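As structure tokens, here come the structures.
Shared between the two complexes below is subunit A, which has subunit B as its partner in the first and subunit C in the second.
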Partner chain A sequence: MEKDRSRKYWNPYFGGVMLGLVLLAANFVAGRGLGSSGAVKSAVVAAVESIAPAHADASPVYKEFSESHQGHPMKSWLVFEMVGVLVGAFLSGAWAGRLKFRVEHSPKITSRRRLIFAGLGGIFFGLGSQLGRGCTSGAALSGMAVLSLGGFITMIFIFGTAFALAYFFRKLWI
Partner chain B sequence: MTEDLIVSGRMNHLIDPVLEVWEWQIPSYLFLGGLAAGILFFAGLTWLRGKEAEHPAAVRRAPLVVPFLLIFGLLFLFLDLKHKLYFWRLYLTLKMAAPMSWGAWVLLLITPLSFIWAALYIRDMIPQWDWRFDFLKRLEHFFNQNKKYLAWSMVLLSLVLGIYTGILFSAFNGRPLWNTSILGPLFLVSGMSGGAAVVVMLSRSHAERHYFARVDLLMIAIELVLIIHMFMGFLSSTQTQIDAARLFLGGDYTAPFWIFVVGLGLLMPAILEIMEMRNRKIPWIAAPILVLFGGIMLRFIIAFAGQESHWIL
Partner chain C sequence: MGPLSFYEIISENTNLLLAFVIGIGFGFVLENSGFSTSRKLAGMFYGYDTTVLKVFFTAAITAMLGMILFGLFGWLDLSVVYVNPTFIWSAIAGGIIMGAGFIMGGFCPGTSFCGAAIGKLDAMVFIGGLFIGVLIFTEGYPLFEKLYLSGNIGAPYIYDTLGMSRGAFALMLIIIALAAFWGAEWAEKKFPRDEY
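The block that comes next holds the complex of A and B.
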């Protein structure tokens, strides 16, 4: 019974509709779309501002952030949303009996290889999210939901690039 | 010589408009003290109920942590003192109406008790332990024979210690947020919840973990009731207390309090514990860690928000 549950996933189309409804609810409740890289940025800004305030004052990146965001950088909707995401994901994993420490990877590669490439991919994605003013959630998903042209372009290029480069990295997966 | 008659804590220097005196030391100490009280309470009570064999973590393992909790707690308390070298003056007087006096004396009694209880079970941790001197062996024998009195004093004194960690705030009428008698029981129950969480963390038996998870669930339920009543009390009181409550109902502490204390520290572990009882596979360490996290946050938030709450309309 337990095992069955842990292998039973939602239909992806149904999951997509539900994600859309979450976005709708976020816009309705918080007046803002969803996002994730923004929370990481808040954490980075907060860390730099408290460890190296002189650097934060001098750098245009941090200056721009503090000018456009009032109050403490961690006191932002996205930071709390991310806390909620972690809590919700944990509860959902607990509900389905999937809470285990493990690295999920293709059987043909090692866990170490998977983690190194995940780290590399994360770095590129973080870099890209700063260039594109948001990640898949903030720029593409939330942007497209309000018919922002930038959102569509971001989405096309995130998935387009992935499609174009998939051939070269296929051995990491299959 | 002019003589001042102090009729209110408000007459103290630095009270109005906001207090900026207590930093991390006091809330950290209150957390450690409350936790120590919780662990000792369950250790004494479980032993008195004759359940040592069933709940070894509560009676034997968890109390081994307490001396360290109290050592660090007292160190933090000491660090907070302005005139550190005069701390001993607390022990030249006993003021029934002063919570600090109660606290100082209770700590003086319960700290050695916790050392003795831990010493009686030290072989659980270090099996080849040997008391070098004969008089220590005789002492061990003496305390083993009189364990009943030891356990009773531990239960009673830990209740006093647990309540005192809250009364330390609530007796201080200089701050409207602290000036509620609910803080005593709230901090006591929160400390007990932390104690049960530590037992769950240290237990090696499934049955004991489940039992203390249930105990913890009860404590969480009581805490929620107390928090609700605390706000009901504030909101039906004077304008200054209504303002104090507003710090948590739309003010600066709304998000940290409701998310970290109530959400992550109370509701989330409660949900996890209920799920675990229904035999969902959950890492059993998650709920106790959240409970302890909530306990720390509760004390820090009440300490900081309390200093900000004021009497000026």
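The block that comes next holds the complex of A and C.
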């Protein structure tokens, strides 16, 4: 009985309040919201700089990023935060008994198909997050909390597009 | 008085340590709300599971209200808190591309890290895709530059753009959220799915 209870997800409204408090804490501590794609960008910049330093030096994107992150590109707030996310999610999954290596997909599609679309989705999300100057966390959620116009625009277009395209991808999910 | 790092109440290294601690909270809350499963996240777009809307909207309102109250109490200097700059066309294009990625991949970046942390292989592949997507942008920057810098209108607050006061907008957003929650509960009853 006890075990069954711990496996259930939190009530979404309670989860939302908790997430809001985490976001509030981020703003109180660091003067900025949460983010995810920024950490991926740090890693990409760090990788390109170490693999092809001359190439990175010649490109304005990498140079600009390095200049705005004094020291190493990985020594950024979002990188430390995302390492924490991995730990926090792992702890939550361990506590609730959800740790398991698997490909999660609708019974109507194969694992292979799921993985192909997961990869494609990641590519789109990675590219889009650069144009959007942040993803669902950094641009949409954190932007909405500080009432940034851009945050609302990005949020509306992320969810609006996903709804608009849902019909065409329904076989992946339902 | 916050932000703690801005007023140098904490050192830069303490700030990074707290980023790690805040990240743990972020990951724990997302995972425990069910955001490590793509089928739950995608449920949002078919009406069978609207957890995303409930969690996301509740979080935005909670943080927004907290910030407003902290500002009023003098605990947080809202004038130095980072406000995302608005480049309208870039934000719209980015949002559309991300929305397409969301419905194909079933994750967003933050949730994919949560999924990967508990062993979801599809989430790990999604993260691989993220790296490729960001690399396409950084390597192809000359192609994207014009779009990336278009529609720059600084970092306006939405309530200024709409000609409202901060408080009036906040109240309106809360009312919209309550209406959305009502709609979400309705949708889950109308498009039920027991097992997924």
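Definition applied: the second predicted complex is superposed on the first by the 168 of 174 C-alpha atoms of A that agree within 3 Å, B and C clash if a C-alpha of one lies under 4 Å from a C-alpha of the other, contacts with A are read in each partner's own complex, and residues count from 1 in each chain.
One rule holds in what follows: a contact is a pair of C-beta atoms (placed from the backbone, for glycine too) under 8 Å apart; a residue touches a chain by one contact, two chains touch by 3 or more.
All values derive from a computational prediction rather than experimental measurement.
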Checklist line | Superposed model, subunit A: greater residue contact from subunit B or subunit C | finding: C
Margin query: Just to be sure I read the superposition right, which of the two partners does A:81 touch: subunit B = first, subunit C = second, or both, or neither?
Written below: second
Note to self: I'd like to know which partner A:157 touches here: subunit B for first, subunit C for second, both or neither.
What the structure shows: second
Notebook entry, point to check: Is A:131 contacted by the first partner subunit B, the second partner subunit C, both or neither?
Noted result: second
Checklist line | Touching both subunit C and subunit B, counted on subunit A across the two superposed complexes | finding: 75, 80, 83, 87, 90-91, 99
Checklist line | Residues of subunit B touching subunit A in the complex | finding: 255, 259, 263-264, 268, 271-272, 275, 280-283, 286
Note to self: Using the touch definition from the top, list the residues of subunit C that touch subunit A in their complex.
What the structure shows: 2-6, 10, 15-34, 36-39, 42-46, 48, 51, 54-64, 66-67, 70, 75-76, 78, 80-88, 90-123, 125-139, 141, 144, 147-148, 153, 155-159, 161, 166, 169-170, 181, 193, 196
Next item on the list: Give every residue of subunit A touching subunit B within the complex, in rising order.
Entry: 2, 75, 80, 83, 87, 90-91, 94-95, 97, 99
Checklist line | Contact set on subunit A toward subunit C in their complex | finding: 9-10, 12-13, 15-34, 36-37, 40-41, 43-45, 48, 59-62, 75, 77-78, 80-93, 96, 98-106, 114-115, 117-166, 169-170, 172-174
